[in-house]
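Okay, got some structures for you below.
Paired with chain B in one complex and with chain C in the other, chain A is shared by the two complexes that follow.
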Partner chain A sequence: MTMETALPRYTSATDRSRRDAMAARSARRDPRTEPGPVRWLIIGVAVAFLSVFVVLPLVLVFAQAFSKGIAAYLSALSDPEALSAIRLTLCVAALSVSLNLVFGLVAAWAIAKFEFGGKTFLISLIDLPFSVSPVISGLVFVLLFGAQGYWGPWLQAHNIHVLFAIPGIVLATTFVTFPFVARALIPLMQEQGTQEEEAAISLGASGLQAFFRVTLPNIKWGLLYGVLLCNARAMGEFGAVSVVSGHIRGETNTMPLLVEILYNEYQFVASFAIASLLAMLALVTLVVKTVLERRLDEGQIPHGH
Partner chain B sequence: MSGGLRRNTLPGFGLTMGLTLTWLSIIVLIPLAGLFLKTMELGPDQFWAILTSRRTLNALKISFGLAFCAALVNLVMGMIVVWALVRYRFPGRRLFDAIVDIPFALPTAVAGVALTSLFAQKGWLGAPLAELGIKVAFTPIGIFVAMVFIGIPFVVRTVQPVLLDLDSEIEEAAASLGANRWHIVSKVILPSLMPAVLTGFALAFARAVGEYGSVIFIAGNLPNVSEIAPLLIVIRLSEFRYADATAIAVVMLVAAFLIIFAVNRLQRWAQVRAPAQ
Partner chain C sequence: MKGRFPMAIEVRNLVKKFGAFAALDHVDLKIRSGELLALLGPSGSGKTTLLRIIAGLDWPDAGEVSFDGQNALARGAGERGVGFVFQHYALFRHMTVFENVAFGLRVQPRAIRKPDSAIRARVKELLDLVQLDWLADRYPGQLSGGQRQRVALARALAIEPRILLLDEPFGALDAKVRKELRTWLRALHEEINVTSIFVTHDQEEALEVANRVVVMDKGRIEQVGTPSDVYDNPETAFVHGFIGESIVLPVEIHDGVVRLGDTALNIAAERGSAGPSKLFVRRHDMQVSAPGWGGLEGTVRRVRTFGPIQRADIAVPGRLGETVIEIDAPRDRELHSGDIVGLQPRRYRIFADQP
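And now, the complex of A and B:
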């Protein structure tokens, strides 16, 4: 109670002193902010820069996609090749995201709920894929599974296709999206500590019960946040998938790869039609991300990536 | 962060740690180790010959040089953007704040074709620029433009939280001591933003060096002129010259690790500098 009554008086006091200061400043230039023209120059440059470099390319994607009308747009999207690319992208993303979802939960449990040496090192190993160029992320799997790779000859002898087939695409996608879920969960679960789980277990819950009944409800928004970003990257990955896919038409072309192929064949409407779907995915991802960030208390989740 | 013993009452450490290490090894560590093993198969002479061949050197120069320039632009423009977003109120501010993340979220191939069409000779921006005699698409300038695009979020997002947290009392103290605005910004605010600014710069640089999808469409891909190192890796792979691809990849990977190491150092420096709260 005392806090509540003390607080408004305090803020109103600072308000009053601020108002006094503002009145005093109106006479001379305020050294705590920039003069008006400078302020508007900075805002103008920032807005112009973002408009030219970010808004314009985004608008162009949709303008090009619809440049020959809605009928051409829809027919481009219902092309068998487009449909097969959409199916493959959804399928690869579903597999990679599920793998990373399970891994993220398991890794976050081990890292956030227990103390052990080398934890920072382990986290930086999980982070590694973020700092690897997409092309190199594909290359490492070519070196393992390619015809000249370590296991290539053995796989060939047993007629198992990894490279230039769906398993290779899933592996490369899983590699580039590896850190997302774990990175979203670890700080969140570290902050939440272990007391609630310990209480559940002391009341007779099993480890799994404690996880599903206590931990999971606590981390659901963070988990969704990680899955969201992981999925966006999985569906949009280009470099790594391009290296391992082999570009077999109608078979191993994901949506981003089809964007490239159609663009290089000067089928701009078709290329931008597929691109517009991916751009919408990005926009929806950003909107949901903003909502989730507001749900999660500020400062609990890392920004970016 | 208290007592280690108490934590042992939770089950599943052995199982989850075992699964984590196994899966990490299968997906990340073994594939990356394979790359280094493959490089070991090359003799040092062969390795050196690949790296110092004219085409490789030029590709590395183009990737690292242009990435550095693009990261510098990102640093300056990022500071302007973050300043406008944090310090001022203007219509559409929240929208522009959200827009900053688009280069993260937009698939690189989409960014690639969009930027290429935008800056092509008949494009919305390419046409007026062509009248001025500036050709962007299919030249090194195009590579630079694409690298600037993908680097936009880094400086903004690393500096934003620091600028938001910056204590206005320090500024007010400096003002009451008679410092003018320029002195306050350059002597008080910028130094405390420095670790975050450099971190953003390094992250943007690392991203641009390795970037492939958004660059190759607009680059022109002329060997020795507008061919980036990641593209040369892809070309060598398609020619089945695995040794060449591997050697270039190792150099880029080591460079990326060095940058990340530098970023970690910067972050530690920032933590030391930041006053305990």
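And now, the complex of A and C:
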């Protein structure tokens, strides 16, 4: 109330109350947010963009797949060529994810827990498969294993088929998906440091015991996160696989390759039926990813009570 | 713990370098069986490195470590019978308190591993010892700093170590908990009778808890002695400056006369000492007297009184202008700002400057 006496005398009571009300209104506005119209414009643009570029294609995939009814959809999926592609894709994903699980873990371990020369170089190398076009990744393997390639003649002499066969597809997929596991683990392991392992060793644990009882439980959510993304990309990879596969029907066509082939042959239902499987994989991946991210944020501390 | 003799440790000529930095520079140390020893020094003095080498978590570039006369360096960390308590506890975050403590027992080779019931009984006993049995099912993330510290200790004790090593055991705790745990650690040490070494940069902690204190600086041992030894009879300028509060004055010694600037002090130099030196006096060992009797004189600048003492800032003339020193005087001699007083060290040490 002493404030009021300090106000200039000529200010009338109504003036004062009007000004107070205005001040209160502008003070009530959250300084972190924009005025209403701007806010709605930004939200609108984002939603429209997502609808057109993400939701609509997803809906269309399923619409096309079921356009001739559910029977046509199921028969398209049970076609021998489709079954072969599904089998191959699962097999390739299983192999390259397992390989990357081991390589990624080893690379992350080396980077996070040891000091050595060339470490920064190795960290940059890990990202290489992300920064190079998948087609180039595939061509590299053609140059190495192709008939005119570096090791080609030797492989041919020993009757080992890499290119245009499953090994080539696995190699290309592994190369392209290598960074996922390592990327997920490096920051996690760096943050956790080596003290818990040291504690385990000083309590008499062997190296393997320390790994399986201390290190692995500490990184399991990060590891699963990396494996999940690695798997999604391994099943969906097109470019690199296309170069090394040779497109032998019923033999070296993975699901993404078969989608393209069927589409080019105007078999839309069959093409989109396979595509719908890949889309479902994406949706499942998204859900599991969200769950895993939540576990990672919780700092991996399970709460007993 | 029961019926086992604690181990004696001997360290000879230990050298450890990290690049060009010498963390340990030819260190020799004998640690007696059953004692509670403090490694005290500023950060970078090599105390943690020494502890980690004894534990087997680091390896020296040269030198020997032996436990009861046997070469310890031939054995890995897990085979040395050493319990190690880490500075930030390093508890296994995904295990309950109970499983943390049980870890060392569960990873033993099958041939010597105890049956599960015996492990459970032992863990319970240890949790009782550290007064945490009621937290057995919690995870480390749910505990306070002091509780984590005690879990780490119980975990280290589970393997019945003959040596217990603690790296800055109270470093991360607040002052009150720190004091409680200090007393508790002392009592525990008496109860379990294990040769124990702890690292600290806190002199009060070292002097209050340890039987003997090793003062380290720059990878070298400056002095080894009981708390009263290192406090009352510091052997080097570093120890005198590092332990307790000291007044340090730059003096010059000539023909047995100690001078501060132009003033000759009424104190005796050690025989044979000469040249620029440092005079060290404890704050409470600087006696205040009436001026005009020769010796050091100064002007009182500021007086604060609390408890039984008064602390005064006194400006004394020196070679390069005046220096302000802080002294503690008993309350019965009243000091006022502006007074000119005589100053006479009751006890003091003079160390020649290192060339």
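Things worth noting here:
We take it that the second predicted complex is superposed on the first by the 265 of 305 C-alpha atoms of A that agree within 3 Å, B and C clash if a C-alpha of one lies under 4 Å from a C-alpha of the other, contacts with A are read in each partner's own complex, and residues count from 1 in each chain.
In the analysis below, a contact is a pair of C-beta atoms (placed from the backbone, for glycine too) under 8 Å apart; a residue touches a chain by one contact, two chains touch by 3 or more.
It should be emphasised that the depicted structure is a prediction, and the values quoted were computed from it without experimental measurement.
Shared-chain residue A:A205: touches chain C; no touch with chain B. In the superposition on chain A, contact of A:S84 is made with neither chain B nor chain C. After overlaying the two complexes on the shared chain, residue contacts for A:V132 are found with chain B alone; chain C is out of touch. By the touch criterion defined above, A:P217 lies against chain C but remains apart from chain B after alignment on the C-alpha atoms of chain A.
Shared-chain residue A:A275: touches chain B; no touch with chain C. Residue contacts after overlaying the shared chain place A:Q267 against neither chain B nor chain C. Of the two partner chains placed by superposition, only chain B is touched by A:L171; chain C is not.
Counting residues of chain A touched by each partner, chain B versus chain C, the larger count belongs to B.
The interface of chain A with chain B overlaps its interface with chain C at residues 198, 201-202, 206, 303-305.
Listed in rising order, the residues of chain C touching chain A in the complex are 55-57, 76-79, 82-84, 86, 88, 90-96, 103-104, 107-108, 137-142, 155-156, 158-159. Residues 29-35, 39, 42-43, 45-47, 49-50, 52-58, 60-61, 64, 103, 106-107, 109-111, 113-116, 122, 124-126, 128-129, 131-136, 139-144, 146, 148-150, 171, 174-175, 178, 194, 197-198, 201-202, 206-207, 210-211, 232, 235-239, 242-243, 255-257, 259-260, 263, 268, 271-272, 275, 278-279, 281-283, 285-286, 289-290, 303-305 of chain A are the ones that touch chain B when the two sit in their complex. Across the complex, chain C is touched by residues 195-196, 198-206, 209, 213-214, 217-218, 299-305 of chain A.
Against chain A, the residues of chain B that register as touching in their complex are 4, 6-13, 16-17, 19-20, 23-24, 27-32, 34-35, 38, 77, 80-81, 83-85, 87-88, 90, 92, 96, 98-118, 124-125, 148-149, 152-154, 157-158, 160-161, 168, 171-172, 174-175, 179-181, 184, 206, 209-213, 217, 230-231, 233-234, 237, 240, 242, 245-246, 249, 252-253, 256-257, 259-260, 264.
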